[in-house]
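Across the two complexes that follow, chain A remains constant while its partner is chain B and subsequently chain C.
Right after this comes the complex of A and B.
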């Protein structure tokens, strides 16, 4: 042991601030996951399109977001977008935009694999039933790929929840941001960040355990 | 069940239960077309149909032409790879074509335009229903969900009305107990019968069956074939691809022998089975009788 004596007193005094921050983190995550779960599907349709006008730019988009650090994406939106596009939105909005695009890109890859798993015969049947391409996408393909891809979608969403802590850099007052403030004010960074980490873990772990259950349920239904 | 000896009479007049298949509200539909059609005009006409895959590299249909009347049940026979499925898929509007046209009830609904594109009249296409060899029920929807999806989403039918029609249809075909089942809980025969019912929900004027029993265990074939026979007795015009010669003899009012992408022989079933005109047909029938698949 290093001999460090833990003292959680001051940190626990500031616990309500951490909770406020947590609410911001959860809001951010909920909005981003809510949008990204659907937009990832739409993007996957575009990337698997036979039209090069659709597939090439959208694949490029996906690769840009997959191959650059999320931290840079957030910082870029916060500092560069206002200059380039002359828009000044609050940090929270910028965070939502950057993380939504990031999650959309990752989710679209999960959906793309799932779309390929759907038998072509279902497409024929949909046409024979007179369903439009959009109806087919929404009522036939989406409900199935949502299930097939759900293990990956859930773990993407958990990662997103962790990565949402990066928005603290651009002063969104999330859990991480409040944690940093508290650490400085209490001079107790070890205790503070331990608690912050426990909060992230406590919320993420149960959800990650859902993945196995979802897989078993899907295997039964889509057999 | 279909017995080997039972013959289904040629379809009765237009006021028959073709429309009943889809339930209420369509009684006039089948009569309408019949009134419009002069006696000589075929119900379905396929003209000089050419179709290739891989941009012409694999020619499959090489100028297919034939007709079918409103009272016909056209059975398409032929060796594997002869283009039977491709022909039905073209009639359904699932494929682009290289030349030719298909008419239904006097309307040109599939046509190869002068620019080489395939024109499909979606309103006419909707009057054609198709059931496939592979199971195509949507696995995430219950039987009821499968039946009402297209009527509600595509036709904007009220959900309650669609459910009532679906229940009537399922009762009629002995499937009502499966209403809330998912496809994964059904036998192969039940899946195919539900697929037929799903197509009937759209009140088609023409039904296409592409080897709907060939994925089934032998003991499940009869229930599907008898459902098709029941539709036939109700006067539903249909095109059927099958390898089951007993079924073909029972249900056909006209037979088309398709091989190497052309119609080798076509005519009434009596002549076709008893005294085929060309050697290729005789060889085919003989090989089937011997039980070898060509």
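Right after this comes the complex of A and C.
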């Protein structure tokens, strides 16, 4: 071991900046999770549609976003969307778009599995009650699949919180970005990165424990 | 500036991108292999009776699953050389970081597979007087591996995708080559789309194999 002496002074001095970064990270995660939880369901309905015009493009969309790194998705939107669509949005918006599409693809897989778990008798019942397909989807299917898929949805959301650190690479001022900046400015990478890692861990860990609880609760409910 | 989309533009850069892909694959295979070996060991520790081994392995796994891979990479890249007072290149530090991440992922897959092996097998091993090493290698490992296979494969796909992050510590992988070429030529659309397509070309067949193996294993195990 080298005689490295830890000094947290400078890092703690810049702690308010880390907190600012954390707020950006949380904001990003909240927006993306909020949209992705619902859009994933709509996409799952489209992928399991009988119409090929609907199911083939949406399946392709899901596979593209599941089989490529999130980093290339973010970088692609950051560099290509302004050229292709002639829009100049701030990096934060680009990050939200890329991550929302990514989460939507992953959530739709979770929903698709959950939709298959709903007994066919319920569909017959909905038809007998004269519910339209839309009402059936929103009032009968959605509440149930939300519960069945919730463990996977929550762990997808935790992954997304961690993936959100990638937006630092396209200079969104999130926790990772502020941490990198602080590490360079203070010449204290060990202390800074350790604290940043602890912040991420401190938020992810309790939520991942919650997943286990939900799983056990669901198992008891279904048993 | 000429903004017309011309796919043939990428052709002269294909060799460079393929070299990047080779680096990505090399790194992924290396880290997956290391991660599988250590993951089995950590999985055993997580299920074992030794309290200290259990505590250490649990903290290790939760920490690596609860923090973004980017910060793990940075931490090992910037901090390990200072703490241990050794020079390690970017390739070694990236290999260490991704191997540890893969170990954490694989250990979870092995842990749940080990739990599903009946305790009567342990009794049988004892009754046959098999030494611990033999029972581990010839009785437990083959079964655990088969049951963990679907999860291990999807973990491998995850690792392949996460390996794009090593471009942030200066390793010339596919992502790195793509970013360099796209900024040098100012043709992000062609270059980044090609990079994404190359990731997809590897990732998509892998996910198809995962679902094939999943169905096969499930049928064989009749779970």
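In this section, the second predicted complex is superposed on the first by the 215 of 223 C-alpha atoms of A that agree within 3 Å, B and C clash if a C-alpha of one lies under 4 Å from a C-alpha of the other, contacts with A are read in each partner's own complex, and residues count from 1 in each chain.
Everything that follows uses one rule, which is that a contact is a pair of C-beta atoms (placed from the backbone, for glycine too) under 8 Å apart; a residue touches a chain by one contact, two chains touch by 3 or more.
Predicted model, so just to flag it, every value in this text is computed and none were measured.
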item	value
Which superposed partner A:168 touches (first chain B, second chain C, both, neither)	second
Which superposed partner A:180 touches (first chain B, second chain C, both, neither)	second
Winner by number of chain A residues touched, once chain B and chain C are compared	C
Partner chain in contact with A:66 - chain B first, chain C second, else both or neither	second
On chain A, positions contacted by chain B and by chain C	none
Sites on chain A touched by chain B in the complex	119, 121-122, 124-125, 127-132, 135, 139-140, 143-144, 147, 220-223
Contacting residues of chain C [partner chain A, same complex]	3, 62-63, 65-72, 74-75, 78-79, 82-85, 157, 161-165, 167-168, 175, 178-179, 182, 188-189, 192-193, 195-196, 199-200, 203-204, 206-207
Footprint of chain A on chain B - complex, ascending	89, 92-94, 122, 125-126, 128-130, 132, 134-136, 138-141, 149-150, 153-154, 182, 184, 195, 198-199, 202
Residue numbers on chain A that touch chain C, as the complex places them	1-2, 4, 63-64, 66-73, 75-76, 79-80, 83-84, 162-163, 165-166, 168-169, 176, 179-180, 183, 189-190, 193-194, 196-197, 200-201, 204-205, 208
